[in-house]
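What follows is a single structure, and I will ask about it in a moment.
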Amino acid sequence: MDPISAVLERVLEEVRPLDAGEVANYIPQLATADPDQLALAVVGPRGRVRSVGDDRVQFTIQSISKPFVLALALEERGLDAVLDHVGAEPSGEPFNAISLEDITGRPVNPMVNAGAIATTSLIEGTDVDDRTGRIVATLSAFAGRSLWIDESVYASESATGDRNRALAHLLRSHGIFEGPVDDTVESYFRQCSVLVSVRDLAVMSATLAFGGVNPVTGARVVSETSARHVLSVMSSCGMYDFSGEWLLRVGVPAKSGVSGGLLAVAPSQFGVAAFSPRLDEHGNSVRASAVVRTLSESFGMHLLDTHEGLGAPGVHVQANQGGGLRVTLGGELGFAGTERVAAVLRDLVGSASAGTPVIVDARELGRVHPGALSALRAEFDDMPEGFQLTQ
Amino acid sequence: MDPISAVLERVLEEVRPLDAGEVANYIPQLATADPDQLALAVVGPRGRVRSVGDDRVQFTIQSISKPFVLALALEERGLDAVLDHVGAEPSGEPFNAISLEDITGRPVNPMVNAGAIATTSLIEGTDVDDRTGRIVATLSAFAGRSLWIDESVYASESATGDRNRALAHLLRSHGIFEGPVDDTVESYFRQCSVLVSVRDLAVMSATLAFGGVNPVTGARVVSETSARHVLSVMSSCGMYDFSGEWLLRVGVPAKSGVSGGLLAVAPSQFGVAAFSPRLDEHGNSVRASAVVRTLSESFGMHLLDTHEGLGAPGVHVQANQGGGLRVTLGGELGFAGTERVAAVLRDLVGSASAGTPVIVDARELGRVHPGALSALRAEFDDMPEGFQLTQ
Amino acid sequence: MDPISAVLERVLEEVRPLDAGEVANYIPQLATADPDQLALAVVGPRGRVRSVGDDRVQFTIQSISKPFVLALALEERGLDAVLDHVGAEPSGEPFNAISLEDITGRPVNPMVNAGAIATTSLIEGTDVDDRTGRIVATLSAFAGRSLWIDESVYASESATGDRNRALAHLLRSHGIFEGPVDDTVESYFRQCSVLVSVRDLAVMSATLAFGGVNPVTGARVVSETSARHVLSVMSSCGMYDFSGEWLLRVGVPAKSGVSGGLLAVAPSQFGVAAFSPRLDEHGNSVRASAVVRTLSESFGMHLLDTHEGLGAPGVHVQANQGGGLRVTLGGELGFAGTERVAAVLRDLVGSASAGTPVIVDARELGRVHPGALSALRAEFDDMPEGFQLTQ
Amino acid sequence: MDPISAVLERVLEEVRPLDAGEVANYIPQLATADPDQLALAVVGPRGRVRSVGDDRVQFTIQSISKPFVLALALEERGLDAVLDHVGAEPSGEPFNAISLEDITGRPVNPMVNAGAIATTSLIEGTDVDDRTGRIVATLSAFAGRSLWIDESVYASESATGDRNRALAHLLRSHGIFEGPVDDTVESYFRQCSVLVSVRDLAVMSATLAFGGVNPVTGARVVSETSARHVLSVMSSCGMYDFSGEWLLRVGVPAKSGVSGGLLAVAPSQFGVAAFSPRLDEHGNSVRASAVVRTLSESFGMHLLDTHEGLGAPGVHVQANQGGGLRVTLGGELGFAGTERVAAVLRDLVGSASAGTPVIVDARELGRVHPGALSALRAEFDDMPEGFQLTQ
């Protein structure tokens, strides 16, 4: 076992004794899950998947499909059109609450069922099969392999889906969508019935973590903007009526599903997924939540953690052959980084003899925020003659 | 004008034409504010305060006091004790909604009035003056100067504070606090009446951005953990019933006040504050919100942005005098960084001749997440003889 | 014109100038109603129908069907079984509010749409036609003539009935009913589309007023108990979120429909119906409400009015041929009446010479409440010898 | 024991075995009540008080004060002014729910605490003592004896009254009242602490039953209109969130209190009160509710019962000495009665020889509804010559 997997294994064993919670039973297929199953997977920037426990067990994705279908809707329609049909406010309410805005009937957010159904209704498609096809293709691209629908779970979802049908009829009564109710709800039931393993979910998570590019396949699945929008919504609404406390205590965008899956994202760092069927009173997996919480603490995943040098480029100062100095900037340049670069330059003003040519080479910079670059450029107005910025 | 201030000035002029919204009028002192006032301030990691516009105008802090009094409560009581008295869930409700949990009567979060009053009740103090003294001292430490109460605003808040008194009585009826109602609400009215400028707010914001250390005075005001907890709550609940959409579109922990102030935090990067009295229907300043939104877009403040090299240490490889190699790690080591370091080491295994001693010097690392370090150490089990980690 | 019709005509002209409100437009067929139509009908204990204004205009019964289908459900299932599926509490909410009890999902009362759908689901029937047949037969028996469905209104209700379908799915998701959703909602849409005139409604109302016996046809339609239960529910919930103020100001069990009909019941006295299409913000016809209110004031319809001699039988004292006295009781004997009879008897004890035989003949009494009769019988224990009660 | 008391005694023994429910414990004084106490009293039209069980036990009136203070407010201010400050809609919510209308802040009805506090604020008074004096005087007039406040219960109510103080502050924040909060809530706590026995409550009930005239003292306490308004509000809102089912199953205006009292009114017939401290989940006394329900069933108290001859006057036809006929009308003349009188007259037209003078003497009529009288007069236009109406 590789060293990182060993770390994951230790985390898994730490939470294994937790046996609180109940397996979901609203459809028979979920109720038959082995409650003791437990798995964890992590995918880093190079796309290597590490997984431990019952990492080959497949289960239906259920609500974890919601952020990915949202990503597809954002790609197809754009943010403003999506927000015309579904809000982005956490509601403090359970996943199956009705949760429509008073007058508009707009569901409060895409992570509650009503909002997810509204989101699914936005996906293009000539019929259920066509729409479902697009959705499954997107989920597969996020996972880096072809995913399949569990037809018996789908049949059961459809047969017992009165509450979701009710939500769909309410949405249509408010004009949130217009086509046949069945087209939308059957598509929704099918998207919930896609089979995944914890490894799939970790890759899907990592694709969000790295700005929409699947680190395993290298393919761009959605735009960086769409990925950011999805992570934002997951941050505020992903854990139902525990979302606020989750952000406080664990601090990662996450999404749980009733089959026991949980996916969490450490943006720019890695994707995580855990799986264990027993659920707490919010509908979140007890052990999967504990796994992610432990990881967050020991691996520094909290979104609101401070990070050294965030947005500050590496600064390398070399003597030039011609007697001048060459300052090479590398990495990311954010606003705070500008201030740090300016400080280095001012030090050089003080230490170098007057007139020494100083070339600041910004050509190696990666991500540069436009405001930061303006500020950096403006710094040169104050610099003595001889200081030049090369972009 | 320094170059960064010039950038800020341009942002200010961009939003100045916005004239929607209404000045708050629930107490006469607020209604007299000049609706055209507009100011912006930014404080970076070195504590330099840049401000433009009406940056010397003082106004009462109002609800922006809430996160800072929360920070004090967290310092005094710890997270669990605070959460016994006030939740951390966004409610999707307006700031003055009653917003108590059904059975416990616990206010849903510390950013709505009921929750803020519960938070204030947690602050130690033998009486109103003593408690207020502690609160004002904390606000002052965050701001880096002694702040004062506007006594006429306070008197007016107290005289018209029926709704807040109602909330306090409700809280006490649920046992959320036990002392005299007046002690708590008068302390609360006083904390809301502290006078600040946009520069003060920016310093307060920066103190949260840099893990509880005021970058102007260099003093630690609260622990890094408390600062993170406060930022988490601001992220999910800081902008009332616009918090979700704010996180989606702007992506920064923020807190607004009815006098027109708005404070936003780019963790590890800088603190921002803006001020303009006209409010939108959520009670957030129209132009201050626009200023922060513009800054977020051009300066890369969004929490869910991807950042290059987050948690990856700088890796510097040098030939040793003794023929071996020295690999120096600097900066922060997170989980994803471990993977990057391991990749460099594996490259060295391939390129260096067998048996070459390789010293990996981790003594220059700054923040190291424990899980990451375990994983890094474990990597050496796989390495050829000669690879050593120096901590 | 007969004198009572002349009185009704005056009432009609009094309210005719009212032109506030809007014709319902949620389906096109309702929107085409002539807003100026106005009609009134009254049916007394002998079944004579007096009507004035547009009394031959037919309109769909809409929500006024609810109390009559409730009556049928009560007949078929009994009160307790009905209350297992739908509550009897006013909600203070609009007619189309979701209004389900938190845990059970039981609709709050049979007069809101959710509750009416639950009620319809209780009616026996092998399919929609069978169930609808039973419902229309009951409505016809209440009206004293064969009623028909307006098929174009029905088709339109069905085509636009998303909200009601949503409610039905919610009910089924809570186990309030089990069969196909379509069977129930189509039956409901059909019952709402039955055509009536104001004269029909007045006869239906009178049938409730006289304990379930249609005073025109003389047929018993439902039991007295069912009629009383329906009137009780109409009293507390019949006028949506204006029910309380209606009971306060007008004081009669009533039910309104979105097509402009309004039916009101003066129990034991008469049935009233009025019709005018413009509705107020509660969904009640503006002019029909005003007509009933005026009638209630001038005709003494308020349920909480005091009535002289209520429950007190007529007492007729005659000298017997044999020298004794004969006391004949007629009418209704309630508790208060017992006290009045006892007072008369005590007077006789005082005035008649000792030993005079007194025969109290209770054989002519109509309605006798059992407690009252016990109390009356017990009075004879105290009476001097010679007093006898003949039942 | 008199025969009616014997009937009452039997009812009492029937419910005595019920031992469900809990004694209220929100203040210590209530918690000390003997849970086995049980009493019942009835007052009929002649003012005789019959009582059985623990009929001398005094307890604090608590919420049963609400309808009587409402009666006083209606007398002082009139219905419209009262409804400006408090609504008349049942809410389906518990007694201590906040229950304010969304925008106006008007409490939904005078029977929930918020509405009762608003009602108390309407009572004139220069200070707490003055206002309390007026209230206690009114309660005493309803009871027919001087009532007193239990000062220790009052002190305890005041000391623990946070929730009610909260409601009062909310009301004042909405402008529902303007004076000092303490003046209103202390008056309210005092009115709740008035000591009564079940006999007092029965007399108070009877005063409402007989149109505002105390049948024991013969004094008019409030107008018939005010009494009717109070009974209307009790009918729709008197039993908290059980009001609808109470009206359905029991059918009498009623009001319960947390100390175990329950008062019920059979309008025009009698007043009832029962007492037993154990409460159900709605806050209504278990055994007192059962007592009233049993009485209602056996004594015909249900408001929606049909009553023979309601509003039909007695008609007495005599041959005149002069060869004509004299028709004497006695009792009450309602609309339905007009129809009955007209039927008798038409019979006479058929049976008497043409031209026979018929004098209809209406001078003995008691209550005459104006519309009914118009209709009766108009009948004479159709009658043959010789028919005369003498008023």
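The letters A, B, C and D name the chains in turn, as written, and every chain counts its residues from 1.
Note that in this section contacts are C-beta pairs under 8 Å (C-beta built on N, C-alpha and C of every residue); 3 or more make two chains touch, one makes a residue touch a chain.
What you are looking at is a predicted structure, and each value in this text was computed from that prediction instead of being measured.
Asker: Among A-B, C-D or A-C, which pair gives essentially the same interface as B-D, with more than half of the residue-number contact pairs in common?
Answerer: Comparing residue numbers across A-B, C-D or A-C, the repeat of B-D turns out to be A-C.
Asker: Averaging over Cα atoms per chain, report the distance between chain A and chain B in Å.
Answerer: Chain A and chain B have C-alpha centres separated by 22 Å.
Asker: Give, as an integer number of Å, the spacing between the C-alpha centres of chain D and chain A.
Answerer: 63
Asker: Can you list the chain D residues in contact with two or more other chains?
Answerer: Residues: none.
Asker: By the touch definition up top, name every chain pair that qualifies.
Answerer: Pairs flagged as touching, ordered by label: A-B, A-C, B-D, C-D.
Asker: In their shared complex, at which residues does chain B touch chain A?
Answerer: Contact set of chain B toward chain A: 2-4, 6-7, 42, 44-46, 48, 79, 83, 87-92, 108-109, 209-211, 224, 227-229, 231-233, 235-237, 241-245, 247-248, 251, 253, 266-270, 295, 298-311, 314, 331-332, 334-336, 338-340, 343, 366-367, 369-372, 374-375, 377-379, 381-382.
Asker: Contact residues on chain C for chain A in the complex?
Answerer: 98, 162-163, 165-170, 172-173, 181
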